[in-house]
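By written order: A, B, C, D and E. Residues from 1 in each chain.
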Amino acid sequence: MEQLVAAILTMVAGVLVCAAYFWGTNLILDRIFPSKGKFGAVASRNLRIANSIRPWLFLAPALLALTLYLVYPVVQSVWLSLHDRGGQNFVGISNYQWMVNDGEFRQSIFNNFLWLLVVPALSTFFGLIIAALTDRIWWGNIAKTLIFMPMAISFVGAAVIWKFIYDYRAAGTEQIGLLNAIVVAFGGEPQAWITLPFWNNFFLMAILVWIQTGFAMVILSAALRGIPEETIEAAVIDGANGWQIFFKIMVPQIWGTIAVVWTTITILVLKVFDIVLAMTNGQWQSQVLANLMFDWMFRGGGDFGRGASIAVVIMVLVIPIMIWNIRNAAKEAGGR
Amino acid sequence: MNPSTRSPLMWAVHLSVLLLVLLWTMPTAGLLISSLRDKDQLAVSGWWTALATSSRNAVARAPSPESQVERDGKFVISGNVLEGQGGQISAFGFSSREPAKFKPGETAELNDGERLTVQADGSFEIVSDQRMEGSRGQRIFFTASTPPRFTLDNYAEVLSAAGIGRSFLNSLTVAVPSTVIPILIAAFAAYALAWMPFPGRALLLAVVVGLLVVPLQMSLIPLLQLYNGVGAFFGVPAKTYMGIWLAHTGFGLPLAIYLLRNYMAGLPREIMESARVDGASDFEIFVKIVLPLSFPALASFAIFQFLWTWNDLLVALVFLGAGDDELVLTGRLVNLLGSRGGNWEILTASAFITIIVPLIVFFALQRYLVRGLLAGSVKGG
Amino acid sequence: MTGLLLKDIRKSYGAVDVIHGINLDIKQGEFVVFVGPSGCGKSTLLRMIAGLEEITGGDMFIDGERVNDVPPSKRGIAMVFQSYALYPHMTVYDNMAFGMRIARESKEEIDRRVRAAAEMLQLTQYLDRLPKALSGGQRQRVAIGRAICRNPKVFLFDEPLSNLDAALRVATRIEIAKLSERMSDTTMIYVTHDQVEAMTLADRIVVLSAGHIEQVGAPLELYERPANLFVARFIGSPAMNVIPATITAAGAQTTVTLVRGKSVTLDIPTEASENGRKASFGVRPEDLEVTESEDFLFEGTVSIVEALGEVTLLYIEGLVEGEPIIAKMPGIPRVGRGDKVRFTADKAKLHLFDAEGRSYRA
Amino acid sequence: ADLKFKPGEDSKFNWASFEEFKKGHDLKGQTLTIFGPWRGEDEALFKSVYAYFAEATGVEVKYSSSENYEQQIVIDTQAGSPPDVAILPQPGLIADLAAKGLLTPLGDETKQWLLDNYAAGQSWVDLSTYNGKDGQPALYAFPYKIDVKSLVWYVPENFEDAGYEVPKTMEELKALTEQIAEDGEKPWCIGLGSGGATGWPATDWVEDLMLRTQPADVYDKWVKNEIPFTDPAITAALDEFGWFARNDKFVDGGAAAVASTDFRDSPKGLFASPPKCYLHHQASFIPSFFPEGTVVGEDADFFYMPPYESKKELGNPVLGAGTLAMITKDTPAARAFIEFLKTPIAHEVWMAQTSFLTPYKSVNVDVYGNPPLKKQGEILLSATTFRFDGSDLMPGKIGAGAFWTGMVDFVGGKSSADVAAGVQKAWDAIK
Amino acid sequence: MTGLLLKDIRKSYGAVDVIHGINLDIKQGEFVVFVGPSGCGKSTLLRMIAGLEEITGGDMFIDGERVNDVPPSKRGIAMVFQSYALYPHMTVYDNMAFGMRIARESKEEIDRRVRAAAEMLQLTQYLDRLPKALSGGQRQRVAIGRAICRNPKVFLFDEPLSNLDAALRVATRIEIAKLSERMSDTTMIYVTHDQVEAMTLADRIVVLSAGHIEQVGAPLELYERPANLFVARFIGSPAMNVIPATITAAGAQTTVTLVRGKSVTLDIPTEASENGRKASFGVRPEDLEVTESEDFLFEGTVSIVEALGEVTLLYIEGLVEGEPIIAKMPGIPRVGRGDKVRFTADKAKLHLFDAEGRSYRA
């Protein structure tokens, strides 16, 4: 009980402090550069100054948190990547040299590209389809909850779940893996799915797609509901059928959100390692960059230099996505 | 747009959703069923077989000879191999070599002159002329068809674990502010990025997107170092709730800003303009117009942020610690798994226990993903 | 026969009844205009015909077939939305071509029709723009163009010209009239607030009020013989002047006494039982003439003079408290504010309504 | 605190040592944070041990653990908020922490203590000695709680039913294997699956076979890569393992199933009806994965993985693993805790329960909670050579990476030479 | 002095120039109406005045102060958007109260003003509804109400009545006129397509075309003395009839010869140098009169008769190819389709424009 009260108090306090910041700083800004109740040049000058400061007030906590929690570690990573395993001695770019010569690294890059091709596309696609379809049926919310469920299950839980799918038992014995049970039921040979090089990548991807579809679905569902109903009505009148309305009217209107979802999942894929760690730990040629990084960073004491240099590579890979986003933002601003 | 719901295509829609839902829940269903099964069965038969009556080979052990009773000059041990769980015996045996040698009702001659009879209902009798010796009971192999059998033991075990209530509260204490604070901060930032002109806006947005990629693991050490430094400076422990809220806030921000900005940028410009003409400042526009209209985006982000902080273990361990007082629910449950992570039955049950709160949050917030929030606002477009 | 038959059509939003039972028979090729005060249910009715709004009660038939449950795309309609409902992500061209693309028309045919519509609506130079880069009127024209490009059995227009300037409005109105003439099999249903549009375009006008029909008839019929006070006041601008009166002599001709005015004898027969009843006497502003003679209808003081160029409106106070009588004079008469003026009117153009507002002429 | 066994009550325990320790240490008001690998049941067991420490010293002990303890300890130590005492099962990780200067040397006195008091003392000292930040070797860790890995598990009643005998030599074991196969049954259950750690059970096999075919110093050199992985001594051991694991007739499910069967599932074959296999090589912890209610010593039993008759000179080598305690933050309480671990009672309390073995010579083996545990303890005490799990001693990238993967490839059909070459290549890459 | 001064105001969207340099001086309390064809830049200009659109070039002064960079909230304006721009999540009441709440007016004052505006706009029963449950016209009224509730220095109305029915439109128009009278210090700028609105409300009308000003003047001035052909045709409905002509005798009076018509002498002086030049002769439809005499302006065949009730439009073919001359007759004249009719007009009401479209009268 005491803990409960304390918990609630700390929660409320934490949130209030945050809200107070925004409210307070705005108040102060308006006090320093008052415009309400003032007229003429003073008011507009004050307002102009206030308006050029205000965005930064709005952004300040975010920028602070981002700098502290993300930018600073990035700098740290870059610095580490130029040092040896203990992070003490400067070694130049030798970690990077090692990296390009490392077969496992190249394998990871290759696999990561596979992941990048498949997972964002499939998750977004399924998420979109499900969001659109469930919108039109009365039990849509139930369906959505069910499809959202994988998101809510921890990665460890997910790994167990998929073990029950991919599990392999020798031919002739009872299969406890669903996939093999089906294969056997159709007269096939059971396979040790996650040990099949190359293909196992796809079996691992299936897990992430399974999880991330829920994410795509929720975000896209919100976007779909924001589409002006009238445009859909107009299309209905124009004689468009369900498909056409979906692909020609709805999808283009939420294109921005689709791009956001796609980007987010792409970046997530660059970071994904729990699944690989739990299922194969990169064995059977299923290594990916993030897991490789994790490996070097923490396994057996770790080599911070190499771990960090892989992290830097992961971060560099995201640059094209950033450029693409700048373009989009510019285009948007131009259109308005 | 009601009339279109009547089109014959609706069947196709219902069917495809059903199919997708089945596809998506199949793995989870496996987990659910597994969590209700006996742990020993988990490893020997597929979870889907648990739903039907199945034939299985099993071994039972008769009570030890201490329990023998003397009846009509014979020594008898009796019992039931099925232990009252129902089922039908189709064969039995006493040797691992020939586990199905006898039909129910037949009498098997054991090696040492004892006689074993197992009935179809599982009841058995071992009869011997002499007093039976030894401390272990006889093994009885049998083949039985047993009806589905489920147990709540796994859940009971998880729920009765010491400290689970405390951990539950800890998790809530971590998750709620860790959800609300980043939303608050991100919403302001997103508004600035979407609707307030200032130099470097696009670049800043791109940087935010780029920061999405920073691996969590990379940031932990430098951050904790920092915390320790700052904490030491102020004489407070490094691992506090404040610390973990801020950490979750930092890690959640890029996505929050990105999602929210995208949504806010899509709001009709005229509404904002009209508020501006009405004399509202940016702060007022944000609070009174943008925030209410962004509810769908806020809700969807809240769902995810809550979920991540709720399911998170790593950040909690690093920034809050693993002690008994501050352990979060995930940590508590993982600890139940034992050192070698072998207790799947615990894992399956705890997976379902942890899932409940996020699902409630999802259900509660889903209401805010409303349709036609902007309807009636502007004409044109 | 692409006729439309509405049988006791009703609509409620939750507890709010919006349409109270509409019965209407529209023949194929007919041009029907819905008019009525803002919020009376015109758009709702149109949307129900289109199939966009569920019908709460009653039956609707298109071509003799009950369409209550037929989806919009199967009804063979084109519609101009009051709020335009343009596809924001498509250029003007694509907005107009969309319906035809859906119908798998040939590329050339699409191009021909889009360009023709654009030409007609003066949109040619905006074909590559997105809706958000258009002015209000341009958007509205795109919405019209989109409907025109298709070849539906029924056209539904919801205030399609409200944001156009006078010249363009006339031009577009004429184009719509031509369209309706050219496609003589196509039924058109048109909602407007503009008297001129209603009068010039309509074969029949349906006057709606608060969810029910007040009168259906040819334009001139409504103008000359409004069925009730509502229609009388609604058709014609400025509205008909209505003056409380008492019937003093019923018969083949009726004599009424106006408040604070004289007795007037009208060519309208009434039953003897009406004698002494309260009635409303009506005369249109444009039917009033200034007279110097003693045989005037009423006199009053000019409170406002509104010179509109071709015509001038005179607001005359003194008869009914707070409600000036309006007179519409051609040209710019030499009457000033404060002048006392006498008016008379052609006997045939006078109207008389009973206490419930029903016309005695009907 | 709740003490599991009341001090002074059961004379089997060495209460004197407890009282003595209690006298020597009064640290009331201090706290001691311990980070360890034990969770679940193990955690409760460990708690029962440190309760005595708390009782004796008045120190408040805070124990924590983590699923990802490797990651956690690295983060905590690097970030400057380490626990006082860390207990870890991975010598490689400890070596790394030591090299980064994050550990406190335990001193010569403790080294001497180990030499004097632990069976095969030198083995333990070697195991606990690492190079510090200055490059100087020093004793950094204190071995506490050992697992014996050289065990083969079986079901005595199944042996009885089939008329098999427990083999005394490796030759007999191989003969038994062949005989079972001839009887139309599968002799072995082998499962290497362990999620991301798949492959490690095979390394135990290979290490056990190494110790039985080569002198201990070859083993040591192998572990340090002083002889290459491709050395015939090593490929021979691999092939020896292959003899068991790559023969479809010898393993349940056939060779193909070996790599993918979960190590936690594979012993269950022993208890199936009819038995899927008769033998299972695994460390002393495995009974927790036996079906519920299985009584070790009766329903299931084990025997020492026998040495080769032909290599008598190698004696009775024992492969094991275990946890080592080290001081990550030098406080009096941490020091005291290490001292506490030197008292017999610190061992006996856990011994008296389950899953704890110790090479401490002066504990009373009668305290062992059950006969099988005692039997294992005796195996440990009678070891002529004790070697720590080699893969744990190798660098993480090898011992928890290339070696595992190599073994998976090996059971998948790759030749021992190729596998060895692959592992060696990986090893070269990190030098 | 809340006057407005626009100095060479320009606006371009990227490469598209929309406003080409507007100079305009609006005095405090003046009621200025912007008219012009759809897409000519009225809304853009209004939005620039409001501060919602950046000014690409030129200077804008309110109250003598340069406001190019002053944000909207500091300009003391209220605006009715062409697209309404209601707050979708607020009820009608809250929509109207929003501005006052921001200005921290007292609760009672807010309530009083909102209710007054709602009363006036017949919105009282909808105060609790969200915008999406309103009809088009109701939404528009909410937008008007929102502006009216505030007490700005400058009112900006962008086609505020386009979706209202005639009666309501008149009523609202009168309310706006009253408002402007009551708040005589408040400047009003009003965009409309409706001639009547422009004529009745405006102190001055600004005629825009393709981004520049064609003429500024009092309503009657524009009607009677249009500065150029554009204004002449734009003001008045139906538009002025324009007939190509050639000047045959310049001087104090000018004689022109119409195509396929007779010579006409107008009371407009021209320079001698104009002799023989091409010109455009203009006459408004409502100025035409049917005549039997020989002294007619022109004759032609009636092709369409549009009876609007109070007036009738005659479309006469035969003079300019493809462009019928329109005549507006009061009442319902007894002229049928196909009749040949002669027309004459008052000399004082004739217009003459030069080849560039400039009026000779100016």
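Rule of thumb we're sticking to: a contact is a pair of C-beta atoms (placed from the backbone, for glycine too) under 8 Å apart; a residue touches a chain by one contact, two chains touch by 3 or more.
On a predicted model such as this, the values are computed, not experimentally measured, just so you know.
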| chain E reached from chain B - shortest hop count over touching chains | 1
| query | Greatest Cα-centroid separation from chain E: which chain? | reply | D
| query | If you tally contacts for every chain pair, which pair is highest? | reply | A-B
| message | Taking the mean of each chain's Cα atoms, which chain ends up nearest the overall Cα mean? | response | A
| note | chain B and chain C have mean C-alpha positions lying a whole-number Å distance apart equal to 63
| field | Computed distance of Cα centres, chain D from chain A, in Å | value | 40
| task | Please compute the C-alpha centroid of chain A, do the same for chain E, then give the distance between them in whole Å. | result | 55
| On chain C, where are the residues touching two or more other chains? | 51-52, 71-72, 82-83, 86, 88, 132, 136
| note | In chain B, the residues touching two or more other chains are 1, 4, 7, 43-44, 217, 221-223, 281, 313, 334, 372-375, 379-381
| query | What positions in chain A touch 2 or more of the other chains? | reply | 51, 156, 228, 233, 236, 241, 294, 297-298, 336
| task | Name, in rising order, each residue of chain D that touches chain B in their complex. | result | 33, 35, 37-43, 62, 64-68, 71-72, 74-76, 78-81, 155, 157-158, 161-162, 262, 264-265, 268, 271-275, 285, 288-289, 291-292, 298-299
| said: Going by the contact rule set out above, which residues of chain E touch chain C in the complex? | reply: 13, 35-39, 41-44, 82-83, 133-138, 140-141, 158-159, 162-170, 193-196, 199-200, 219-220, 223-224, 233-239, 284, 286-287, 306-311, 313, 328, 330-331
| task | Using the touch rule from the top, collect the residues of chain C that touch chain A in their complex. | result | 50-52, 71-73, 77-79, 81, 83, 85-90, 98-99, 102-103, 130, 132, 146, 150
| remark: Residue set of chain A touching chain E in the complex reads 35, 40-41, 43-44, 47-48, 51, 334
| In their complex, what parts of chain A are in touch with chain C? | 228, 230-231, 233-241, 244, 248-249, 252-253, 255, 335-336
